[in-house]
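Dropping the structures in below, format is structure tokens.
Both complexes shown next keep subunit A, but they swap its partner, so subunit B is in the first and subunit C is in the second.
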Partner chain A sequence: MWNPFRPKQEEKQKRIDEALSRSTERSKATGQSQEEVLSPSMEENCRRFEELFRDNDTIICRKIQNACYPWLEYRLYYSDGMVNTSLLHDGVLRPLVESNEKPGRDLAESLSKQILTASDVQISEKWKDVCDGVTYGDAILFLPHSSRALILSAKNFQLRGVDEPENERILSGPREGFNESLLNNLTLIRRRLRTHDLKLKFRTFGRRTQTKACVCYLDSLVNKNILKLLEDRLNNIDIDGVLDTNYLSELTRDSALSPFRSTGYTERPDVVAAKLLEGRIAIFLDGTPVVLTVPYLFIENFQSSEDYYLNFFYTSFSRMLRILGFFMTITVPGFYIAIVAFHHEMLPTPLLINIASERTGVPLPAAAEAFIMLIVFDILRETGVRMPSNVGQALSIVGALVIGQAAVEARLVAAPMIIIVGITGITALLVPRMSAPIIFVRIFILIGASVFGLFGMMLTLCTLFIHMLNLDSFGVSQLTPSGKLQFQQIKDMAIRAPWWKMIQLPKRTAWSTIRQKTPPRRKE
Partner chain B sequence: MKTIHDNPVSSREMVRMIILFVFGSSVVMGVNPRTMQDAWICLLIAAAISVPVFFIYARIMHLMDGKDFFTCVLDWFGGIPGRIVIALLVWYYLYLAAVVVRNFSEFMEIVAMPETPQIPMMISFLLVSAYLCKSRIQVISQWSIVGLCITVGIMIITVLSTVASMRPQNLLPILEHSPPVMMKSSFEIFAFPFAECVVFLPLISAAKHGSPYKVFFKGLFYSTLVLMVIILRNVLTLGPQLMEAEYFPSYSCARIMEIGSFLSRIEGTISINFIVSGLTKTSLCLYSGALGLAKLLNVPNKLDLIIMPIFLFVLMLCALSYTDAVQMFNFLDFYPFYALPFQVIVPVVIWLVGEWKAHSKKTSSVQTASQPS
Partner chain C sequence: MKRCLCALLAACLMLPLAGCWNYRGLNEMTIVAGMAIDEADDGQYLMTFEVMDLSQPTKTEGPNSNLVFAKGGSILEAIRNAKRQLASKLYFGNMQIMVISHQVAEREGLDAVLDFALRDSEMRETMELVVSREETARAILSNDEKISGAVSYDISRIIREDAKVTGSVFSAQFYRIYDDSRTPGINVVLPVFYLAPEPDSDKKHVEAYGCAVFKGSLLAGFFSAEETKYLLMVNGLLTGGVLTFYVPEITKNNITLEIKKVDSSMSYENNDGKIAMKLSVKINAYFAEFPHNKNEGNHPVLDQVERSAENLVREELQSVIKKLQTQYQSDALGMGRLIYRTNLPLWRQISGRWNEMYQTLPVDVTVKIHLANTAMVRES
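And then the complex of A and B:
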């Protein structure tokens, strides 16, 4: 069959194949095959090790000889700066040098069981374990005439403390936050969920970074189908490096081109614990404080951990404000343009006259004006995020005075437009989780409104809504609960129901649905 | 895994879709205004006429026993005649979609944007409905839940805010028109919008639970109710003469609306109704048409691929069907006669053949069962 695109595709595929084969050849040359084992000669092993880590001056070699039995010569390798030297000294060096016990037949076994006092000692005969260990702060002990090496855990890195996360501050509730250490983060979770039901499965991502990750869930609550889907997708990942959980998020998401998130992210252990309790799955990654949770429902964009720690009237109100904020921030510019440019009659006459008099002498049409002002606002916002904190004042002067007041007085921009952009910008801050989709959706609606007025705005809103209905997160529909609408399924959406009303878990995420068996409250 | 894409549509959602579908263009086009203040009687008569027709639709679905509509038609009629029947229905669905879109664009041009050319409006409207259609029936059903809430909500608001200008004497004199005129008008209301539910024939099987009778009759009942409210509101507010003279009575009705002295002239809001229900109607038509065309071309799994050519075809039909709005409104007089074969005759033929097939199957199975003994 004739296909004009075929040659191009084939050529592209060929190029990809070539690049892949080249890279695998290179990795064969530099690295080692996964299953290669150590040789029985210590000199041979050391030569091989030094060859692998040549031109890496942080690797330190220490030769050790036992005082009583001089034929017992060891070599200890470790990466400088990543190990706790005092621990190494007390737990490894001193026993090795000073021990006067005659080691048994199996040197590795008797060393690890009788002589070494370090807490975590592993025996391995694989080069892969050795290399992984030394790059992650373990010390490697090569033994004479043995094809096995001891991997001694003596990790010691400089880590951030357990601080409150900067971008998820709350008024009341737990203030702990994750840091960059995987094990520390898992500890924070295990301290909150003290049950054997909590499963923690390690896996590794990244051919070059070898980043450790942990998939974590409550076995009796998790939806096995979602878990299987997630594991399938994680198994498919083959990438050179993974530095943040967002890599995993984008590599596993359902609708690849949607601006909306399909995985939740948080830096707060209490949030992760709460989500695990609803049957979600958490993915921890070493080196980042951000933890992913799947599946992600659309309403989670508007939920905050504080909603559950404060009075339910107050938090229901603030949640509705957030939803309203989302609608306002995407529609206000478009609505203004539609009214000013197409449907003047909808405004009360005095307001119309005011706006018209403000707009006289402004050179640009309203739509272009809105577009430019929104871009300017986003420039200011982006500058505010990235700039050093000591120039903040200059920015606010430029933002407020020059772009606000002076532009209006110079008749470059109409005053109502400044108000509109202000409302748009402030309401966007209500839902920080949606900042990415908001920008695109807002512009999309603005374009619709400036072409077809209110009708265009409605059409674009409908498109947005259809898109949101189409969103899936790991096979779960994000926006709407499937099936019949029940109170227990929507109790935590637009409002936050009081805790004594939260009897069931959300069906979309949890396998079993009973949350509490507290006897129902009576009216007193 | 329970996603909405695997879930069968519930019969309740199907009923909502039918209401929104019937609501569709009639919310703005107005229900046939020929009989002025007696229109509500005609509506009741039309609903009564619809009962046997809906019974036939439901009976067809019952005979198909949850199987795909077009597959069954092919089975029952055999290759060539089956394809002819499917082609007829597909033509009706797609042309209906084109008519709805044309109504929309004419409406927009007349009431709001006289200088904007219609083709871009048609393109954007059709693109959105093609997108809705491409998202599959499950999404359309979820969409119609929200859509129905919005449209009925806005309808209630318009009714409440026009209460002040309603005149009960507008309903008098009752039965001013002669029976033939009344019957003709009822027949027109039957053909547009009730019997357009023939679009649902290929879609009902998406609802796995619940009987098709219930779905169709609940849909008929509630949509009659909604149309009744619209007619009464228009008659009571505008009066019979004005209602007959206006192209878009509902829109003029909303123009009268006033909430305090601040909110006035909010008739733009009523076009939300038209957009939401019009989108539903168009995309349901496109969906049925696409299903039929896929069966006709024997590519049942290429629905996404088929939507785009259908979109272009409907766009072409839409642009070519009328020269202007006057012609469009004149066509409404002939529409019942054009639609009758597709709405009644074709389903009746399908029904009869289905009954015959089911009967012969039963007798043959009885024969095969009795043979060994």
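And then the complex of A and C:
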């Protein structure tokens, strides 16, 4: 299997490196470099800044002169729409203009310490900080006769609220969801895990987007090997832009061509907190509400945050339903074809007669029919996803009427096939996290079953199981438990044991395994 | 690449291991519900297939069946000849019954039929074998009164249900019949169906008649439904049924007992080559009809009912066994098999003259009936 971390790609890599260095040279020519510093002359700095941001009309320049000391002239640059102007007015402009104190020898120091009332003021002499700041909503204050600039944080952009995520709704439990602001998202986690043990390490991805990210874990629980592996892989990423965490997920995954996920994703802070508490690592990215968690065990496909907020009998049942749903949605079409086209003896007689009489006059063989109907179903699903809800309604009527009834009555499709596709589609909705692999695996099994009957279905199922058992997520086997099977370790698998029974943490993810002290014996 | 090739090869090697993997759509075959075997005038087989008619949607009409006739020198030849008039091949995987006409059973016996059914890959080993009491076997299948759309499925349902309810018919599944036909010391018994006239009309319906007793592979004779019940008591196949009798001392109406459970055991005594069979039957029963004006808690009354029921069963059993021994000369109860299974050396000595011995074999019948309950909540 192709692996993005294989050293075999060296030659290709060399070519990419060359191309990259050429493009950095070009950016050097325009003046931006990691190490370059400001010049002592304000005019020079301003000219250079305007040169860098030329043809960018959102950059606003404001010239300021102190009332008492007219020789104190400043230039303030900011990006329009990204700063809080009232804050800028009260915390920066007014003190600068109205202050009658004579600034000290070090202008930058004394401004930030005595005059400016804005809360976040940084002093920097690097062009990189200046450029990063202004593109992220900071205001830049150039000082006269100083090779240092002040970076004033007055960020203010429109954000969504912490609404409940659309695709992870639950009936009971916390309803907060992440939004697109990194710091806001981290706050939601901080509020849930109030311990110094929580480590939050920033890093940046994307040469052009300069997207901030945060790797977050509980220091005493995290498996250091997994953390090391993750950091190595993150360090290897060199891409022009990162807009969503899925970029990172695909760039760091173990078996690159598997349709199964190897990182968890969620928009719920309570889910991230729970995963951190089991020793997992979370990766936040600025600009997206989706947070990655690693390592990702296979059973997490079937887990839902609500499993832990409701009664364990109920949630164990629904979790088993989800597992059953997964197997049904991948095998039902294949099984139907195998039975109908190969093993008629397995059908009870009345059912055989019913299906046979429905199938008389239908032009296509059952297998071709199954392929077409599955594709039609996926077309309907895909259109429904992107449609506004009022159009979606019309769509479902068309889908149900045209496909469901008219096609059967016109004898284009046999009625049992509609039922099979219906079951397949409904059960697929039980496991929304597996929607990608399900589509491929289902077709794979259907092909096997159409060619060799039940034998082919078993053959493809075996292939699938071999693949699934080989899946790794950051060095952790996704499906097979490591070492001896322990009862404690399977209490959160097919069933969700009651909380007082879950004494240990999952060994595959957590370094230390104690979740709670052994509780006193209870009457069971 | 090498690994892929290896995997492919391994998969290919597995292919011949699995049985049937040819694609055959449901609409490319003619589903046979049952077939009847007759003898044509020219000595060939005349086969009648009841095939499901799928041209009408089952939603509105319900399933229906048609008949297909074909002639041939052997059973398979007739089946292949049937294809000449059909669009698609006959499919026997869901065939439920095979009706054999009594002419075929009397003259040719079961051997050809059993052998063909065993060798054919499609036919189920659990299909029911039935003998027709009518002039031909196809008369049974061509009856117009159908409940579930096909006469064959009606018959197989009657057989399945009746064994528990009336005790007049039993399930003679092919694999058991084949087994019996190959075991020394037992003769085959098959259920018999006929067309019973309905009162006040010309219509006829399919009904269980009783059973057919074979001698070797040839048909020896018939038993009525009532006699079949006693036959099944001994064979251990009886799980239901009623006993109706008349005891004038207690009540002027008929008394009916419903049989709940039957335990029968056969044994033999060997006195220097003189073999005597012992048959004991224990029946658990309860009252179904007992219209009378006596106190049911009264022990003498219940005892009297038990005694008269025991007498009835014993007499009937003795007459059935007599008929088997003398008239049909068929060891349908498996007395020889009992010896064969329990005392092989003895069987080897007597197997040559078993047929003669059997006709005069003394059989001692003991019957014990236990009335489990009176089926009354309380005397009011």
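Assume the second predicted complex is superposed on the first by the 493 of 524 C-alpha atoms of A that agree within 3 Å, B and C clash if a C-alpha of one lies under 4 Å from a C-alpha of the other, contacts with A are read in each partner's own complex, and residues count from 1 in each chain.
One rule holds in what follows: a contact is a pair of C-beta atoms (placed from the backbone, for glycine too) under 8 Å apart; a residue touches a chain by one contact, two chains touch by 3 or more.
Just so it is clear, the structure is predicted and the values come from calculations on it, not from any experiment.
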Clash-or-fit label for the pair subunit B, subunit C on subunit A: clash
Touching partner for A:226 - first (subunit B), second (subunit C), both, neither: first
Partner chain(s) touched by A:465 [first = subunit B, second = subunit C, both, neither]: first
Touching partner for A:353 - first (subunit B), second (subunit C), both, neither: second
Subunit B versus subunit C as contact partner of A:480, first or second or both or neither: first
Touched partner set for A:423, first subunit B, second subunit C, both or neither: neither
Contacts of A:456 with subunit B and subunit C, given as first, second, both or neither: both
Partner chain(s) touched by A:343 [first = subunit B, second = subunit C, both, neither]: both
Which of subunit B and subunit C A:131 touches, first, second, both or neither: neither
On subunit A, the residue positions that both subunit B and subunit C contact, one per complex: 342-343, 345, 452-453, 455-456, 459
Complex contact set, residues of subunit B against subunit A: 1-5, 7, 10, 12, 108, 112-113, 116, 120-121, 124-125, 128, 131-132, 135, 139, 142-143, 145-146, 261-262, 264-266, 268, 271-272, 275-276, 279
Of all residues in subunit A, those that touch subunit B in their complex: 223, 225-226, 229, 342-343, 345-346, 348, 448, 451-456, 458-459, 462-463, 465-466, 469-470, 472, 475-477, 479-480, 482-484, 508
Complex contact set, residues of subunit A against subunit C: 340-345, 347, 349-350, 352-362, 365-367, 450, 452-453, 455-456, 459
Complex interface listing, subunit C residues touching subunit A: 11, 14-15, 18, 20-27, 29, 31, 33, 52, 54-58, 63, 91, 93-94, 96, 122, 124, 148-149, 153
